[in-house]
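So that we are looking at the same thing, I have put the structure below in structure tokens.
Read from first to last, the chains carry the letters A, B and C; within each, the first residue is number 1.
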Amino acid sequence: MTTTRLLTVAPAARRRRTGTVERPRRSVLLTVLTGIVLVYSLIPLIWLFINASKTQSDLFSTFGLWFGGEFALFDNIGRALTYDDGIFLRWFGNTLLYVVVGAGGATLLAVLGGYALAKYRFPGKRAVFAVVIGAVAVPGTALAVPTFLMFSSMGLTNTPWSVIIPSLISPFGLYLMWTFASEAVPTELMEAARIDGASEFRIFWQVALRLLAPGMVTVLLFTMVATWNNYFLPLIMLRDPDWYPLIIGLNQWNAQAATAGGTAIFDLVLTGSLLTIVPLIIAFLFLQRYWQSGLSAGSVKE
Amino acid sequence: MTRITPRTRRVLIGTAVTGVASLALAGCSGGATDTDDALEEGGTITVWAWEPTLDQVVEDFEADNPGVTVDLVNVGTGIDSYTALSNAISAGTGLPDVAQVEYYALPQYALQGALQDLTEYGADEYEGTYAPGPWLSVTSGDQIIGLPMDSGPMALFYNKDVFDQYGIEVPTTWDEYLQAARDLHAANPDIYITNDSGDAGMAASIMWQAGGTPWTVDETTVSFDLEGDQGAQRYAEVWQTMLDEDLVSPISGWSDEWFAGLADGTIATLPIGAWMPANLEGSAPDGAGAWRVAPMPQWEEGEVTSSENGGSSLAIPADAENKELAYEFIEYANAGDGVQTRLDGGAFPATVADLESEEFLNEEFEYFGGQQANKVFSESSAAVVEGWQYLPFQVYANTVFGDSVGQAFLGQTTIAEGLAEWQSTLESYGTEQGFTIE
Amino acid sequence: MTTTSPPIAITRPTRPGSRGSHTRHAGGRWTGWGFLAPFAIVFALVFIAPIVYALWLSLFRNQLVGGNAFVGLDNYIAAFSDGAFWAGVIRVTLFLLIQVPIMLFLSLLAALAIDSGRLYGAGFFRLSIFLPYAVPAVVAALMWGFMYGTRFGLVGNINDLFGIQLPDLLSPDLVLASIGNIVTWEFLGYNMLIFYSALRVIPTSLYEAAAIDGASQFRIIRAIKLPAIRGSLVVATIFSIIGSFQLFNEPSIMQSLAPNAITTSFTPNLYAYNLAFAGQQLNYSATVAIIMGVITMIIAYVVQLRGMRKAD
């Protein structure tokens, strides 16, 4: 009885809080004030868009926040995609690989782990989160060289695995799933399933996972951003530009000017940066709906 | 007594000649390993380099030697690539077969024994082939640890249009240079004679030209004398004057602002290595026709001195997999047909033959209004002051230059004090690393 | 049942098993570990093993001349008297004390504003303010660095336009603030979203009750909203503190733009990086990083404990 009722209120796409209790007057003042923060957030992005549309010489000679003489955005995009035998596309492919496997894997691990921490008692549980937070507190630089040496001896450096494996750990994701799972998966449901004779794994797979989906989307989004923008460790692990993700590739283009005989390609760096950001923005827009429902799941119990 | 028949005699003579000939041949290669077989066997080598002209060289080499594949990888420029190389050396795996190593970084690797001694493959035969500066840089004791790829004899690049506009004469001494700086900046405060935000390589090259020996290196014993050294003092004097009188632009080299300044004339001169033209043509195209090349300003009237600024070699890591094939490649690239290919691509040679060839000297540079700039570069190459040494930890030294001397460029201290601080940092580092510091 | 406290609260995870109903289950004591195993195994490989190795490294010294040798705590002793290191620590502490409160305050304001329902186009605000988080640090530092430029950057343009002389944002005095600006820009939206999500789960019944009592907006904020998000405030603070102490990406990329203002020991993380990769002093680098890690952990735990205690 309880089971059915809770199942029907599964929060997959529910919008419980479309408005607040009263419908307050919209405030122009507040909008304007918050608008300042908005402008602050958006100006650099606008700057990026405008300057990615300029030619190299225009970059230096025209005003930063307005367009230059010619609108060269599509030219620049074409050049960026074909420069150096289209290595940008290769980098894009690499990034997709790292993100899908890395973020996907990280989300899976975080879900499993968060579920465990939320729903089970086991020895050492209290220490687990403390250890995770503690490990995150250690600066990445302490880990970089030892990880590099370790991976070297395992023959993993300069392979996609050297980028993917470290990105499978998302402490924040673990925390999010922990809190989410404790709210979204009612223990009564699990008990009922156990009485019916389901194994723990089946319970997870068939019952809990569905309920955890909105939270998973949030974690997925955060880990996607993290892996998409991963900079430091891949910088050390990867030697072959064929395996670079977009960020490292852009970094190399940017540094390319600083070499005897190299050509400065700042316009391509800017265009490339713009192209790098766009997929993430699209992903955000697309997955936006799931945030709201995911993070308001707690309001189920009224 | 055995009579030696004419036939026997011929045989004996024949044998003797052959024997002597083979001994002679063996003597010629000094017991070196013959690497030609490696070419026939084929195989793959990995080359870590950022030099753009090598792309064509690799193509040609592969075309000439079917069965050989060259994997050219750009693992970063300069110091980034040394990070990769050092990491690979520590890890013991992932080493390339060939690495591009700038001259100033060679001693550091040589000291660790990380580079293959190329005399084993007969590299000593190239002694006369290269200009003295580069050749000195690739020798370490009795060993030859790389083959010079290009060189960077210094020259004064100046913007003739700007000089003409303000009636400035091309300086031939550093005193004249300072005066030109003052005149230019007074006439137009937007224009600086040059830029410097604290370039360690520039400092070293200027000290070199000034006949300095700010440090002496004898294997693992290093002694510093930045305070008393003539070269260091001269550098400090000129640069401090420029800083005090606001004559030098704070723009960093290799930034987009820098290229813009070169193109529009707000940076009027560059004392820099002879490899610069390719960069000017590629990244500051708007300045074409305005620039010219002149010999470096001198410290004493009438002298002819110069130094090297930059330039790299191709070296083979000691633990590389395919060393013989690697050597064939670097021979091709730096002493064989590859040299001309690279020159055509805009590289500046380290080989004497090219530096002195008529064709090379007579080349007219459009960017320099048709000037035969190579003549200036070539003379500079011959005038490089002898006796300069790089530190066995020069890469590190250059990274911490900004912490000490660089602060003078911000006006927080003077160059002389900065140099003293640099010296003490380097002395502590040296001691910590096990060197004997005197 | 503990319905009134929001899901993102730091108190709950540290008191497991006190929730009453799920103390018994058929899975056995180790089922939990079964689910946690994948995370735990990768974690051990990616974090635990390198930390142990780093500790090991910090007890040795590998010299260019002389090779490897065990030196015990010598590296730690050297670190404690290393002026450059402690200057970096003080610098990031200063950074933390100023930048984190400003950023969290602004994020909170934005979250409250969007949650209040009194904005025109709240959804647009939420997305746009969050966008900077999607921008990689490399690109962000590049963009802002270029804008800070006094010759061809925006600052230069403004100078020309208005005939004024804005202070050089890349000078040693201001460069830390300039970096603070970049970090604030990057993470304002991220923290805003954390707070906003926590605000969204406050049960409407509370607002209904407040409306009946005739409470003003400010009282609602103080009495309902702020206490409800205490947990996420603490978490956001902790992660921001850790981030500040580990400041690396932005100064590293800005170094080419402000070469002497950003020294090799500007932040402890940058120092550790340069020690390892420029000077090949891997052992000392590990030492520095471990000391920083310990300092960060201590402060993070202190904040967590204080945050917890207040909640009780």
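What we mean here is this: a contact is a pair of C-beta atoms (placed from the backbone, for glycine too) under 8 Å apart; a residue touches a chain by one contact, two chains touch by 3 or more.
Fair warning: this is a prediction, and the values are worked out from it, not measured in the lab.
K.L.:
Which interface, named by its two chains, has the most contact pairs?
P.N.:
A-C
K.L.:
Which chain has its C-alpha centroid farthest away from the centroid of subunit C?
P.N.:
B
K.L.:
Using Cα averages as centroids, what's the distance between subunit B and subunit C in whole Å?
P.N.:
Their C-alpha centroids are separated by 43 Å.
K.L.:
Between subunit A and subunit C, what is the separation of their C-alpha centroids in Å?
P.N.:
Here subunit A and subunit C have centroids separated by 16 Å.
K.L.:
Of all the residues in subunit C, which ones touch at least 2 other chains?
P.N.:
In subunit C, residues 146, 152, 256, 282 touch at least two other chains, as defined above.
K.L.:
Quick check: what residues of subunit A touch more than one other chain, meaning two or more?
P.N.:
Answer for subunit A, listing residues that touch two or more other chains: 59-61, 149, 258.
K.L.:
Taking each residue of subunit B in turn, which ones touch at least two of the other chains?
P.N.:
87, 90, 254-257, 260
K.L.:
Considering the complex alone, what residue numbers of subunit B touch subunit A?
P.N.:
48, 50-53, 73-78, 80, 84, 87-88, 90-94, 150, 152, 253-257, 259-260, 263-264, 273, 275-276, 278-279, 282-283, 285-286, 310, 346-347
K.L.:
Looking at the complex, which residues from subunit B come into contact with subunit C?
P.N.:
Where subunit B meets subunit C, its residues are 79, 83, 86-87, 90, 108, 111-112, 197-198, 220, 251-252, 254-257, 260-261, 392-393, 395-396, 399-400, 402-403, 406-407, 409-410, 412, 429, 432-435.
K.L.:
Touching subunit A in the complex: which residues of subunit C?
P.N.:
1, 3, 6-9, 12-14, 16-17, 19, 21-23, 25-27, 29-40, 42-43, 45-51, 53-54, 57, 106, 109-110, 113-114, 116-121, 123, 125, 127-140, 142-144, 146-147, 152-154, 157, 185, 188-189, 193, 197, 200-201, 203-205, 207-208, 211, 235, 238-239, 242, 245-246, 248-249, 256, 268-269, 272-273, 276, 282, 285-286, 289-290, 292-293, 296-297, 300
K.L.:
Inside the complex, what are the residues of subunit C that reach subunit B?
P.N.:
Residue positions touching the partner: 61, 63-66, 84, 146, 149, 151-152, 171-172, 256-257, 259-261, 263-265, 274, 277-282.
K.L.:
Quick one: in the complex, what on subunit A touches subunit B?
P.N.:
57, 59-61, 148-149, 152-153, 155, 157-158, 236, 239-241, 252, 255-264, 266
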